[in-house]
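Labels run A, B, C and D following the written order; every chain starts at residue 1.
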Amino acid sequence: MIGERSHVMIQGITGREGAFHTKQMLEYGTKVVAGVTPGRGGASVEGVPVYNSVRDAVSKHPQIECSVLFVPPAFAFDAALESIDAGIRWTIMITEGVPIRDSMWLINYAKSKGCKILGPNCPGMIVPGKAKMGIMPSIAFSPGRVGLVSRSGTLTYEAAFTIKRSGMGISRAIGIGGDPIIGSSMLEMVQFFESDQATDAIVILGEIGGRMEENVAAAISAGQVRKPVVAYVAGFAAPQGKRMGHAGAIMDEGQGTAKEKLESLRSAGANVAERTDDLPRLIGSSLNKKR
Amino acid sequence: MIGERSHVMIQGITGREGAFHTKQMLEYGTKVVAGVTPGRGGASVEGVPVYNSVRDAVSKHPQIECSVLFVPPAFAFDAALESIDAGIRWTIMITEGVPIRDSMWLINYAKSKGCKILGPNCPGMIVPGKAKMGIMPSIAFSPGRVGLVSRSGTLTYEAAFTIKRSGMGISRAIGIGGDPIIGSSMLEMVQFFESDQATDAIVILGEIGGRMEENVAAAISAGQVRKPVVAYVAGFAAPQGKRMGHAGAIMDEGQGTAKEKLESLRSAGANVAERTDDLPRLIGSSLNKKR
Amino acid sequence: MRLFEHEAKSILREYGVPVPNGLTYSLGGELNLGSLRSPFYVKAQVPVGGRGKAGGILLARTEDEVIAHIKRISGLMIGGHPVSSILIEESHVIEKEFYLSIVVDRTLECYTLIAGSEGGIDVEQSSRMSPETILKVPISPLREIRDFDISAISMHLGVAPALLKPIVHALWGAMVSMDAELVEVNPLILQGQRLVALDSKIQIDDNALFRQAAISSLPPRGRSAEEAAAFSQGLNYVGLDGEIGIIGNGAGLTMATMDLVKSNGGRPANFLDLGGGALSESFKRGVLFLMALDRVKAILINIFGGITRCDEVARGIAAAVAEKGYKKPVVVRLLGTNEPEGRAILEAAGIGAFSEPAEASSRAIALAGGRT
Amino acid sequence: MRLFEHEAKSILREYGVPVPNGLTYSLGGELNLGSLRSPFYVKAQVPVGGRGKAGGILLARTEDEVIAHIKRISGLMIGGHPVSSILIEESHVIEKEFYLSIVVDRTLECYTLIAGSEGGIDVEQSSRMSPETILKVPISPLREIRDFDISAISMHLGVAPALLKPIVHALWGAMVSMDAELVEVNPLILQGQRLVALDSKIQIDDNALFRQAAISSLPPRGRSAEEAAAFSQGLNYVGLDGEIGIIGNGAGLTMATMDLVKSNGGRPANFLDLGGGALSESFKRGVLFLMALDRVKAILINIFGGITRCDEVARGIAAAVAEKGYKKPVVVRLLGTNEPEGRAILEAAGIGAFSEPAEASSRAIALAGGRT
């Protein structure tokens, strides 16, 4: 897993968001060593050298193991492909609005190269107090021993801030992204936290739709997750979403309502929060229970 | 790694070679549980049930973890794809004459599914006295503690037979195949033997062309292979082969002559044999040296 | 974006799927049945299922009957949707009904081909009651449809591969090139030695509309005129019937804000997510859009800035509030990136900002005249 | 299978690579330069490199000069190959020479695009002396060429992407659809705002000839008439100049057998691999082929049967030996699958079989009149 010692590259570094968050990441202590914007090679952003291609960046900075991607949807496919083909282990796709066909292809292709994608449409990853590879507002996070995995960016900040004000903190927060098809699943990240020595409890922030929360619940039931899990799922007040023809029902993707998700997590043994400001209390009590 | 307990499927089981070697494998003790020939579902070969598709076979025999493929070149692509898509971990492509485009695509695709290909144009794998997933003549092999990896089928038998007559034996023999593009490299298999508790010494049987032997030599030099390695490379008397335009030279694939290969292995610290009947003596002395 | 039946069929016809001969009648236009042969099906075009049960599909034997049916159907509301147009098609003799679709499989992260041997409107029920009638074939996006995929479907449906092959390839072609999330034909009927798609659904990935010019130039469609208006302003909006207008950044936070309002006794008027680095212009548009809605009594904006910057948010809100006709109270919760700058801007515009979502929510409910 | 320059160029032209105007002259035919503009290059068509240095490429200003050059070139042997035909092309002014190819990369198990900024006949040397002149771009077979691949080459060569893009896509198209192992243009020259491929090599994967009808119907080509004859009989054969005919099953064992003969003081007459489950018919053909060669004094057959079955081998050998005109001694080493059956067949045919390759090899050398 990438962390504070990882060398990081920024794709789309000269863009508005790319440049802004490069500065933020550097200030947070992240080792941002290179940026890429085709046609802007030779420039520099916040002291970070800019290259025309990932190939150029990697040949100068062979230690890069993570790329954070701020490239508009129409160019995100090529940018991520460049990153994967350069052998960069983690490509964090911040970009929102990437066509499903593109992300689905990239996710499968990355596996053929032994690479991982986080996102798209995600806020990235943060190891509070040490490094962030993403766009999280630093103010929301304090270091601690709670692992956080979330489908929603802003909900991540909200939850982390609540945890911070309660006096606890976060070992690592991972925003897996809100799209239907994403590179790293909630369960995979829960499994990472399960084996992560810096983490004592796991918070998952879910949303309506899909089966990611149900899959975590199944893993808890199967005894694969022994650390306490606290869950919040957004969307109780949300209207029923669009359904995918008959296929949606046949695939059993159903509606994945917040209620169903929370129920399956609760019956698997997770502590479920009805509001984000309930999280600290539940984390605290589940940690006490384990001890 | 697959072994004596692995459930095995045969693709092309009703064909001449498929049926013949299914019988041989069963007699050797291999757990051949299913066969596939499209259009022949419902039949049986040597008591093994035949299915129309890999999908059907796997739904009835979900434990299959290895498919041995005896399908003609023009159909090998689809057959291997079926096997990979069914999630079968190892696909052993016995078939000779598979177009490079097909095997190259399959090898990369298999990685996206976490599956491995052995071959094509290979004799498969044998754990002497226990099981074989391939076409090796049983007579050539006796059980023992020498791991054998080879680019040539018949040379494998030759070497194993020589070792057998010397009173030693084979822990496992892996024929990786003679094609320019193959699914499992010589180095990968050497690395397997390095970590295999049933193996004390490693024999590699090389051929002119490519850089597989040089890659093993580099790993030995880098200290990644600590078990003794004995090497034979065929092709001293062979004429210079075709060269791939200027590209061959630029790619540094060069001629990969037998002499060059043997030299690089020798200087990396491997024991090199000039003839296959030299192998037992060299294995014996390198094992004594290590002790 | 969900296509109407007639749009989906015209795409599938292009890709080589046989569909009934037919014509699309625009409400209020001239009817000319041309060479269409009787009997006809007269079918309401609405972006939801359940038309048949709602009386939106009628059989006609004569032109007069067609005209009568059009009249009846035109006035229907089906699942809350007015009928946008009417498809008139030749009817077919049904020997056997199948179900066939390709869908994006969220769990396996690939495409999945679904074939049902019992097609028709009850396919969901047969898939539940008799799961063996359904075959699912996952297809990696890295590969193409191969003959063994066709064989599997052919075996399952008992239909010759030669008949199925062009249909499956057509669905696949449409799925991939049109950036669809779903391509469905149901029922796919067997008539003699011919397969015909009597009904069809296509759902296009909204994220891909930028490169699907033919689709993105179709008229917008939504649950209501309100949502259509929001769509045309580029707003990610869903209408609800409460009185608290909701804006958040990020779907998760926006939903959590709605949940909070609801659990505090208020009723959300909408879902409006201005996430992902939205600029002040979007916020201005969003606030003005909600202000213009009669049912909205107060607007609650909940922002935790990451890629979205608080100063941009504040500038947008301030600009909206500065517009003529500003009447409704706006409550803002602001935290995160560039928060101090954002607070300063709101302060200058006379808008107070909260840090706690619970406080902001209670304040909005109170201002809307609610119980809190 | 390596294509001749004129064959490679006609394929590349089809895929959209500009090549010089030219015509292929068949030896002994009529010369008609048609609308070709002087000066011309007259180029020997041989399946090896090094033509220029061997005098196989000459410049002509007039038709008479062309005729004189044809006469001179027709008689050449280049790298042991007679000239099969002659390509006559318009010459081009060379501003800059590049190297461009796509090759199957054995180590990375993918395609690799190679671009050299110093093309021409010395590209190998510049790649050794100045490796920075060479750019290698690996391309997974799971994906297509993308614009960033073109950009990388464009930057490296200093040629506009718009000029390179169609060329690279054409090479890729030919590489993949023709089942090539190599597609090379060298030099690729810049003339004004146009890239032209002055020379080209294409190597087709022999394993794919079954689905490359256009290629497999081309006349066979080899090092010699002998090899061409073997090829036409479906034999995987390479001629050498020794006196011991060699047949093995599997390339490795066949080579090891040659190595053994050589190390025992004999000289292999050939390489002939009948591996991979060959049937008796192949063995019969192989033995008869070697018997017909003057230089062969004895035939050594080394078989370790796996997929190849000893009884099939024995049947083929026995059938060959039973043919009229059998004169040369045959020594067989037989071991493996169905060995007892094979030995019985050989015995019935009066052919002794060894178990030890070393013994068989010594016996063959002795029978050929060698030293052992």
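Criterion: a contact is a pair of C-beta atoms (placed from the backbone, for glycine too) under 8 Å apart; a residue touches a chain by one contact, two chains touch by 3 or more.
Only a predicted model underlies this, so the values are computations on that prediction, with no experimental measurement involved.
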Chain whose mean Cα position lies farthest from chain D: C
Where chain A and chain D are represented by their mean Cα positions, the distance between them in whole Å: 52
Centroid distance [mean C-alpha coordinates] between chain D and chain B, Å: 26
Interchain centroid distance [CA atoms averaged], chain C/chain D, Å: 58
Interface hub residues of chain A, defined as touching at least two other chains: 108-109, 112-113
Junction residues of chain C - those touching two or more other chains: 140, 142
Graph class of chain-chain contacts, one of line, ring, star, complete, other: other
All pairs of touching chains, each written as two labels joined by a dash: A-B, A-C, A-D, B-C, B-D
Chain C residues within the chain A interface of the complex: 2, 49, 99, 101, 103-107, 109-112, 114, 116, 123-124, 127-128, 134, 136, 140-142, 176, 179, 181-182, 184, 186, 201, 203, 205, 207-208, 210-211, 238, 240, 248-253, 255-256, 258-263, 268, 271, 275-277, 303-309, 335-337, 339, 357-358
List of chain D residues in touch with chain A within their complex: 137-138, 140, 142-143, 146-148, 151-152, 155
Footprint of chain D on chain A - complex, ascending: 38, 52-53, 55, 78, 81-82, 85, 109, 112-113
Touching residues on chain A, where the partner in the complex is chain C: 17, 20-21, 24, 73-74, 94, 96-101, 104-105, 107-109, 112, 121, 123, 134-137, 139-140, 150-158, 161, 178-181, 205, 207-208, 210-211, 215, 232, 234-239, 242, 244-251, 253, 258, 274-277
Parts of chain B lying in touch with chain A, wherever the complex brings them together: 108-109, 111-114
